[in-house]
Each structure stands twice: as structure tokens, then as C-alpha cells.
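Each of the two complexes below includes chain A, the first together with chain B, the second together with chain C.
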Partner chain A sequence: MNVLKVSRWTIAAFVLPCLIIYIGIVFVPILVSMYSGMLDWNGIGESTFVGLANFKKLLFHDSVFWPSVRRTLMFAVFSMAEIPIALLVAILLKRYVRKPNFLVSSYFLPVILSVVVVGQLWKTIYNPASMGGMLNQILDAVGLHSWGRAWLTDPSVAMYSLYFVALWQYLGYHTLIQFTGISNVPDDVYEAARIDGAEGFKADWHITFPLIVPIFKISIVLAFIGSLQAFDMIMVMTGGGPAHATDVISTHMYNMSFTSMKYGYGSSIAAFLVVLCLAATFCINFIFNKLEKRYS
Partner chain B sequence: MAKMSKLLSIVLTGTLALSLTACGSGNKEDSGSGASGAAGSGSSTSDTTKDKNITITFQNIYPDPTDPKNKIMNKIVDQYEKDHPNIKIELDSLNTDQQKLKLKTQAASKEIPDITVVNPAAQMQPFVDAKLLAPLDDMLAENGLKDTFQDGLLDWYSFDGSTYAVPDGNNIGVVYYNKELFEKGGVKVPSTFEEMIDVVKTLKSKGIQPMAIGEKDTWTGSFLFMNMLLRTNNGPGFLKDVLDKKKTFEDPAFVEAVDAFQNLVQAGAFQEGATSFDYNAGENLFKTGKAAMYYMGTWATGGIESSSVNGKVGVFKFPTINGKGNPDEFMLAPGSAFAIAADSKHLAETKEFLNYFMLSFPKEAFEAKGAVGIGQKVEGDFKAAGYSDMAMDVLNMFKEVKGGDLAFDNTMNPGTAQAHLSSIQNLFAQKKNSADVAKEHQAGFEDNNQ
Partner chain C sequence: MNTSTAVALNKQVAATRRKRFSVTKAIVFLVLGILFVTQVYPLLWLLLYSLKSNEEILSGSFFALPQSPQWGNYSSALEGNYFRYLLNSIFVTSVTMITVIILSSLCAYAISRFRWRFGGAVMVVFLIGMMIPMQATLLPLMIIFKNMHILNTHLSIILPYVAFSMPIAIFILSGFMKTIPHEIEESAVVDGAGIGRIFSSIILPISVPPVMTVCILTFINIWNEYILAATFISSEKLKTLPFGVNSFVSQYSVNYGAIGAFLVLGALPVIIIYFLLADKITQGMVAGAVKG
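Up next is the complex of A and B:
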């Protein structure tokens, strides 16, 4: 173990500064926000300690909270379900397109656009036909008038409209990651496989996928964490409305902390979000450890 | 020897750690005093040189250079800096929403800029309770500043006998209408709410968008709704009665107001997808002549005057509902107001500047044609100064004001207000049972007033 021939104390001493900073900017704030979650505090004046009352209210008496958790998790599910599609696109690009770099870059384009720009763009597309909304006008033009609706303001579809924009924006991102992964698989593996009779999608299933499992995992984790943090796009497009129909955990937290001035309550939502993130990361790691073991 | 080198490495590590933390705090200071006017730059830039050179941070909500108020502000500030070479006024101009958020963040870390902007009554109460704002009574007494304000206006900014902020405006809620579109639709200005519904239906049938609203911002719909409540309650004071536990939200007057509001929405008064339009986008529909009516505070007058529909716009008072209410009672909107941080490093100088600013404000506003709806008395002949007919109509309406109510979020605490705002927003998305809406309000109120 001790190949460097330095004492543990020396190692500890060199690790210490980073450790202190890391603890200072990651763990301390988490603990502080857990503590604030136990306060009845408007963020400005005096605070009173109320123990677990905020958490109790959050989990059992908040009519907005659980629906927003559900939307957040749905967001995560949709984002993760997108990864196999991105992988498929990447495989097709690799196999059938002679110079795929241009296409990969084009798919990547929405990612570098600011979320505000993307949000405004899609808001205009989703507008009612009378306001020049493109989607509704197209539906009208092809005779599907009955399919048209106010995409962002009808509570039953508004959230799905938002999911779609996020998926549209990040497809290129994941395609790029998967594409890079595939490109690193050496050709001779495929040649050997061809001799053994595995070609096309059969080869992908038995060779490409197992070899890029680590890359696949990165995409899944990024997609998951990204969707838990989804905030800016929702704020730009609907602001959580109409009447909380598109609120997710983060927008609910924002509304509570800043617009309703219940800083303590907002902090308890933040604490819940941290726990959720930890639990989910644990699950994802567990599943992928199994997968990696199976393929190695 | 080995021990020596070990010791050395520990010392070196320590130095490294120290230098890192030093860097960290250095950065923090940099960003603190940055030109962007980040968190509390005013209070942190305490020049140790002497009391001579002073920087006063002036947070404001006039970022738009085409807005007359922005020009007025710059003019007064420039003049003041010329007269007082040792004083520098650093402007921190933000949009209303950004400013609200920034101030809350700054308040949480007790770093409020020397001058900031707060909203009246319930909205500024938490700041006063936390003793973050300086009482301004001495400043108001100086040079007769107090008497320049309209009678009773400062009451909205006073707590326990002291005034904590001075408002830049005092507005009322009115309905703007596009005369050209009214003519095209063959309708007249409604004198009752029932007629108003008919006007909406007629306009709609002729393909004219009856009303515009920016309901993504939620307070817009609430402002209109509260005007209806002012009518169905047969006068002001409903929310106060609820606060005093004399009434509940399940009172018939409240349910009737919800009914009336739903009638208006269901008649198709507002543009499709209203809840995704923010304030500016909603107002633009009216300002570009795409909607016939627009309910808003009179602060919108200046913006409408500088738009393409200027000259075609008139105003009317919100009519009676089921014969109830008095059209001369308005939604009152005492404006956002300037306050001074209690722990400002240059309290005396800041008060002196704000005193000068507010004394100069009405005259400059009058000249810049921005004096409609300001909170101070204005001397001068508006007509002769070239104010538009619409502005004159609005000014005349001010003279007919016989009391009214404040907006919901100026009366109730933020938590209750939030519950109310989303409940009203929901009415734009779906039809609800009015009694349920009332119950929702009562539950939200009780939840936030334990």
C-alpha cells in the first residue's frame, strides 16, 4: 500500500487543505440547511427552533410537495429513458454516416444555447394558434385541429410539454457522450466478432454496450442529477404555474424560501432533496456495479 | 533529519492552506466592491482614508434607460454629485423582481445597501420587524419634505409612529381601453359589470381580443380580482376584517367575487394561454393594439403613451357588480418606496441625499412628463406642459378617489399571499367551484397565521 514511502501523517497533512475546503463548501452548508430546516424563520428576522415540525408538515400536510416530487421523478425517468435513444442515434451515426462529426455537432447545438433562449423559443412554439404558436398552426394545417391546445397552460399537458423541451435540448449532449464512447471501442473487436458471426445490432448488444457501460453510466447519472436540479427552464417557461401544475421540487423550494418568505420551510425541502439525491446515487451505483460485474 | 523534513512539510502545507484561504477571502472582497454592485457593496466599502470621500449605494428599480424615471434619477444624482464632490452615488439598478430577491438575500446576511427599495405595508413589515431599516422621521422634517407627500400616503410606510420609507408613486387600478377597437366592435364603455361581460362577448364574436393580462406573474390577476371584491363587498376593508377575524374567506361577498371573476374568464375575456404571459408580454398585447381592454395600475400610463396605441386609449373606472360597490373606490397602489439601511455607514449623508432626491423628484418628474401617479404633490399645469388626453383623464380620476383597498400581497403576509395568488391563477386554467376557491383561501390563511 505504502508505495510512496511517506508516512500517513504526511499524506494526511497534504490532503487536509483540500479536505477542509471541501467540507467547508459542501458538508457544512448541507448541515446548516438541515439545521435551518428546523427553524421557523422568514430569512430576515428572528428565528425560532421548531424541531421536526417543518418536515412533518412537508411530508404529511403539503398538497404541493408530493405532486412536485412525482414530477421531478418523472422528469428523471424520461431523461434516463432518453439515454438508450441517444445511444441508438450514436450507433447509427457511427455505422452509416461517413463523416459524422458535423451531425454530432449539430445535435449538440441546443445544449450550448442559454436555457432562457431555449425557453422563450419553445414558449413561442407552444403558443396558441391565435398568438402565432407554430405547433398549433401546424396541427391546424394538417387537419388535426382537435389535437391543438394551450400546451403550457393546460394543467394536464403543461408538464409533458416541459419534459419534451428538456429532452430535445439534451439529446445531442448524450449522443455526443455515447458517440465518444463508441469511437473508443477498437475495430479489431468487431472484426473478431464478425468472424464469429455477430454483426449489426447483434454486435452492438454483445459488444458495444458491454464495452461502454461506464460511459452509459455517466450519461445516466448526469441525466438524473440534471433533472433533479431542473429549475431554470421551468422558471422561464411557466414559473411553476398554472397553480403549481408544473412545480418541481426545486421550484417549490424557491417559492417557499423566497416568495413566501418561509426560509426554514424551504430549507427543509432542500434537505429532502439532498437525501433524495444521495439515495438515488446509491441506487444507480448499485445497479451499475451489478451490470459491470456481469460484463467483466 | 527525517523528523525535520516532516516538520517542514507540515509547515509548508500549512502555508499552502493559509494562502489558499487568503485567496478565497480576497476574491470575496473583490466581488463585494465590484462595479456590478454585488451584495452590499456600499456598506463594505468603508474607505479608511477619511470621512471625506463617501460612496452611497443607491439600489433602485429604474434600469430601463427609456423610462422617464431612469432619466430623472440620473439627472438628480449627477446634480448632487456636482454639488458634493466628495460624495459618490453608486447606482445598483435592477428589475423589480430581481431587486426583491436580491434585497432578501442581502437582508439574510445583514448587508442592505445604503438606499434600497421596499414595498408598502405587509410587504415591508418583516424588514421593519427585523430592525433593518432606519426611521426617517428626522429626514422628513428637514426642508419640509413631509408636506410634499399626498395626505395619508406615508401611513402605508409607517409602523409604531415612525416612517421607514418614502414612496415614489401612488397609483390606482383602472381599465384602459382602445377606442378604435371599441368602435370596430360597436361597443360602448360599460357602466356595470354585466355590461362589461356583454362587451367582452361582442368583441370576442367579432374576432377582437377583449382583454389582455400577464398572468404568469400572478399578481396581475389578483389585482383585478381584488377590485371585484372591493365591489361585491360593497366597500373596502374585506381583508382587514379577515385579519381581525370578523369575517372569513367563505363570506358571501368573497364567493360572489370569485363567481364574477370566473364569469369574466369563462366569457373568454383573456387571451389564450394567459398564464404563460409575463407582465411585459401581457401589456404588449394591449400596447400593440391586439387587445381592447387592459386592467392595470395607472403606472402603466407612461408606457402606453410611448407605444403605438397612443392617442387611441381611454380609461374607465371598474364598474359596479350586481349593483354593488362604488366605482369611485379604487384599488390603491401606494408605490415602491426608498428606505435606508439601519446600519448604513454613512447614515447622515445618505439621509441628506435622499432628502434632496425626494425634494427634487416631483419637479423633475413633471418636466420629464412622468408625473402621473407619483406620490408627491405637483405644482404646474399638466395640460399646458403637453400631457396627453389620456394622462389628463387619469389625473382627473385621481381627484375622484374616495378610498379603496390595497393589493392582496400588501395586506396579508407573504405565505397567505402566495396561496391566494396561485389559487387565482388556477381560475385561468380551469373552472372551479367558487365555494371551493373560498375554502382554499381560508385554509391558506389559517395555515399561515398560526
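Up next is the complex of A and C:
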């Protein structure tokens, strides 16, 4: 298939600049952190090699770690639960709205905003009513004063407030992806289905759904990997507090390494995160390969 | 005549159909409308908030327009280093974009067109890297950069930005380059063009559409990036916009209006670009999502 025969030097000139930067910035640090995960080191002074002690401590003696893993996974579950909703919205847009582009681009607007703007905006919305927070003011206005609370500092709801912001920001992304997928299904397929007596949601179940399985996969990978990496938003909004109530794996890593100066321990968490991401991607790909085989 | 009756008929059919579905349709539009409000109103609220005085914000009239727009909020926001942050962001983002385009189009060309043994292997390296979370490299990179004495320079954020933008860029570009007909290069070779010449005057010009997609993706990701900048940069004069916005907001936590104004200013550049290029951006982001 590839036809151009070129000298070794030409290949090197084309590929190496890219590859060197990439390996140097992505793979070398990962290997370094696998190694420094086995050190007892504060990042500056002397380090001692402690073998797998950090990992042992992480898995068995860290009271923050497993709850943070659970929250990370919950994050993924919530993000994936959003995808069917996005699909429904996309179907409605496609079927009932004559010029859907305006709505699609409006839903998409939050996606392009920096996580700092989104995080700080919602922090302001979640503020107590006495500090101008919109949510609590609305609740007061409709007579639900008792529902109002300090959304980000009350440990029992803080994490849910954060999930909500992520769902809010990315709903438009998933809607757009599903919408594009549906629009690519040719019209005559539906035409043929109508002749066979399948219309409306029945047609969706038997046609739209199987045809956009690949698109579903994209959304799920995006949601899953995105939530494993959910990090900056939490750093901006709560920093993992109050009292670790909103810590996820990556904020735990950050706080351990940069706040508590346990560099070696932080590295072992980073290593765990990398392994988790790779494993998750392989699992999702495996499941979807099976699904696609069944449907095609 | 014929067509006009057909049109009239169609209209009639459409009219009856519309009537039949009017209840469903009303519900659908209600749902879509509510969604529109939840997605857009917070941003609008921020705009109103940024024009209000502290008293108005605290009084609880979240729906009301500001009594008299407090432009003062914006001038106190601009007294912060807004333009400095903006320039830094423009600099960092454009250097990253140019470097990514040049390096990854070279690499994508080699992967998709050269006859050599390791093309596939190189691609796999990039694909695996796509799944590695950026945060996991945060600590080791910090130590490495500290030893290279480039911590707290723009280089220390541009390098990782370039590296983490490459896989998707190579993926999109090589996907496109595979579809270019081989005859084009063959005739160029017959005409005596060298490989560099073929690349710069034939391949790059035809690849403008995917290059635009890469530009959009890189722009959105890098322009909005916060955590790397906040970790590697510490001097005030080097901060990028998201980092600058965050430190301004954390500092002025009682001047609500000015915080709102700074957030609006922080969102403004990307919103303006979105208004100008909405279709291009949404298409580009979908293309970028396909990487999974």
C-alpha cells in the first residue's frame, strides 16, 4: 500500500522530531513515575528505595484511596448514564426540529469553555444565598428554603454537585456526537423501514440503535476516560475538600505529591492511574468489538 | 402547474401531520427549551452578575437586570493583568499549534505513505499514548523540568502541550493522507520533485481540511488548559488566561461583580471564536472524538 521508497535518513528526518518529543514527554515520565513510586522521597532531598511498600500502603492502609477510587468510578457511571439522555435529545432534535443547528450549537457552548470558567461560574452559582449564589436564591424564591445548603462545603452533597457540573458541561458534546451519528444514517433506510411498518421509536430501536453502535463506543470511551481524568474541575472547585469528601484518584495524587510532599507515594498513585486507564480502554474496546460483531 | 399542485398537496399532508403530532411536538419543544435554558442561562446569568453591584448580587434578585450596569466591575477586572494573560495565552497556543502541525504532518506522512518496516509500530506507540492521562506525567515532568532548569518558563508548558496534542493530530492527518491517490506522487517523482518538494508543495496544500480540524482541536484544548500551567508556572508575568482567571478570582473573593467580569473576560475570546466558526468547531470536535 505504501509506495514511496525513501532513504533511511529521510524517514528519520520525518519521524524522529515527533517521536523524540513524544517519548520524552509522555513515556519517559511514566517510566520515571513507576520507578519513583518505589521511593520514599519528598521530591527534593535524599530518597530511599522502599520497593513495593508505597503500593502496599496505597492498597491496604490508605483510608482516602478506595473512597476516591469509588468516586472516580461513580463519575464514570454518571457520565455514561448521560449518554442515553444525549441520544434521546439527538433523536428529538433530528425528528422534530427543522433547523436543529442553532440548538445543537447552543447545547455545545459549555464544552468549549475553560474548566476554570465553568468551575468558577458554578462555584458562584452554588454559593450560599447570602453570597449571591443563584441556586439557593432560586430555592428561596420558590419556597424551598429548607432544600438550600452549602452545596460545595457540605460533605454529603459536595460530590454530587461536582458530578452535576461535569454532566452539564458535557451533555452538549454527547448530544452533538450522537446527532452527527444519526444524521449519517441514510434516509432511505428509514423509508424502507416505514414500508415494513416500523416508524418512530420502533424504527429507532431496530435501526438507529444498531447503526450507531460505533458512535456509542466513541461516547463511552470519551465519558469513561474523561471521568478517570476528571481533575482540573475538582481542583478548581473544591481541591478535594471538604475533608477529602470530593477526592478522586488524581486529586489524591496531586494533594499527596504537592501539598503533603510525599513525592514517591504520589508517583505510586500516578502509576495506578495509568494502569487503570489502559485497562479500562482495553476492556471497552473488547466489549464493543463483540457488540459490533453481533450487530453486523 | 403540476409542481405547484404537488407542493400544495405536500403542504396539506404536512399540515395534517403537524396537527396530529401537535401534543407530542409541544412536549418535545418544552423539553428542548428547558434544556436550552439550563445550558445557556448560567452563562447569561454570569453576564448579568458581572454588571451588578455587590448589593444587588447579595439582595437575591437573581433574575433581575442590573439597575445601572456597573462597568466599573470591568475596569477593576482589567486592572488585573488581563491583557498580559491574554497575550501569554495567544503566544503559547499559537506556538503549540504551529509546532504540532509541522511535526505531526511530517510524521503522519511518513506513517501513511513511506514504505518502511516500522510505520505501523510508530502508529501504535502514538495510539497507546492517547490513553495515558496527562495528570500522571505531572510530577515526573516537574522533576525532569526542574533538572533541565526550564521550570517556570513558557517552554515548560509548550513542550507537554505539543506532545499531548500529537497523537490525535497524527491520527487525523494520517487517516486523510492514506486517501490521497498515489498517482499524484508518482507523477511528481517523474517530474523530478524530491520528497521535501512533494511534501511541501503537494501533500500539505491538499491536506488543508484535516489541518484545520487539528488546529481547532489543539486550540480548544490548549487555550483552556489549566492544571499544567498552574503547576509549572509561578511568575505572574508568564501566566496563561485560565490560570490568571483562577488566581484573580481566588484573590478578590469579596468583590463579586469584578469576579464575574473577569470570568466573562476569560470566556470571551473563545466565545467570539465560537460565534464565528461554530460549524467548523463542532465538526472538528466530532472528528476529534472519533479517536477512541
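The criterion applied here is as follows: the second predicted complex is superposed on the first by the 268 of 296 C-alpha atoms of A that agree within 3 Å, B and C clash if a C-alpha of one lies under 4 Å from a C-alpha of the other, contacts with A are read in each partner's own complex, and residues count from 1 in each chain.
Throughout what follows, a residue touches a chain if its C-beta (ideal position, glycine included) is under 8 Å from a C-beta of that chain, and two chains touch if they have at least 3 such contacts.
Quantities reported herein were computed from a predicted structural model and do not represent experimental measurements.
Visitor: For A:42, decide between first (touching chain B), second (touching chain C), both and neither.
Guide: After superposing on A, A:42 lies in contact with chain B but is clear of chain C.
Visitor: For A:17, using the defined touch cut-off, is the partner it touches chain B, chain C, both, or neither? Pick first, second, both or neither.
Guide: A:17: touches chain B and chain C.
Visitor: Please determine whether it is chain B or chain C that touches the greater number of chain A residues.
Guide: Of chain B and chain C, the partner in contact with more residues of chain A is C.
Visitor: Contact-wise, after the overlay, does A:131 reach chain B, chain C, both or neither (first, second, both, neither)?
Guide: A:131 contacts both chain B and chain C.
Visitor: Which of the two partners, first being chain B and second being chain C, lies in contact with A:289: first, second, both, or neither?
Guide: Touch status of A:289: no partner.
Visitor: Quick one: is A:262 in contact with chain B, with chain C, with both, or with neither? Answer first, second, both or neither.
Guide: After superposing on A, A:262 lies in contact with chain B but is clear of chain C.
Visitor: Kindly classify A:114 by the partners it touches after superposition: chain B alone (first), chain C alone (second), both, or neither?
Guide: It touches chain C, and chain B stays clear.
Visitor: Thinking of the overlay built on chain A, is A:184 touched by chain B (first), by chain C (second), by both, or by neither?
Guide: Neither partner.
Visitor: Of the partners chain B and chain C, which touch A:235 in the superposed model: first, second, both, neither?
Guide: It touches chain C, and chain B stays clear.
Visitor: Taking the two structures together, which residues of chain A meet both chain B and chain C?
Guide: Common to the two interfaces on chain A: residues 10, 13-14, 17, 21, 43, 130-131, 258, 263.
Visitor: State the interface residues of chain A toward chain B in the complex, per the touch definition above.
Guide: Residues 7, 9-10, 13-14, 16-17, 20-21, 42-46, 123, 126-128, 130-131, 133, 150, 152-155, 237-239, 241-245, 255, 258-263.
Visitor: Would you mind writing out the residues of chain A in touch with chain C in their complex?
Guide: Residues of chain A touching chain C: 2-6, 10-11, 13-15, 17-19, 21-30, 32-33, 36, 43, 89, 92-93, 96-97, 101, 103-117, 120-122, 124-125, 129-132, 134, 137-138, 140-141, 168, 171-173, 176-177, 180, 217-222, 225, 228-229, 231-232, 235-236, 250, 253-254, 257-258, 263, 266-267, 270-271, 273-274, 277-278, 281, 284.
Visitor: Where on chain C does chain A make contact in their complex?
Guide: Contacts found on chain C: 24-25, 28-29, 31-32, 35-36, 38-40, 42-43, 45-46, 49, 57-58, 60, 62, 103-104, 106-107, 109-116, 119, 122, 125-126, 128-129, 131-141, 143-144, 159-160, 162-164, 166-167, 170, 182, 185-186, 195, 220, 223-224, 226-227, 230-231, 241-243, 245-246, 249, 256, 259-260, 263, 266-267, 270-271, 274, 278-279, 281-282, 285-286, 289-290, 292.
Visitor: Given the complex with chain A, which residues does chain B contribute to the contact?
Guide: 6, 9-10, 13, 16-17, 20, 101, 104, 107-108, 126-127, 129-130, 132, 209, 215-218, 271-276, 413-415, 417-418, 422-423, 425-426, 428-430, 448
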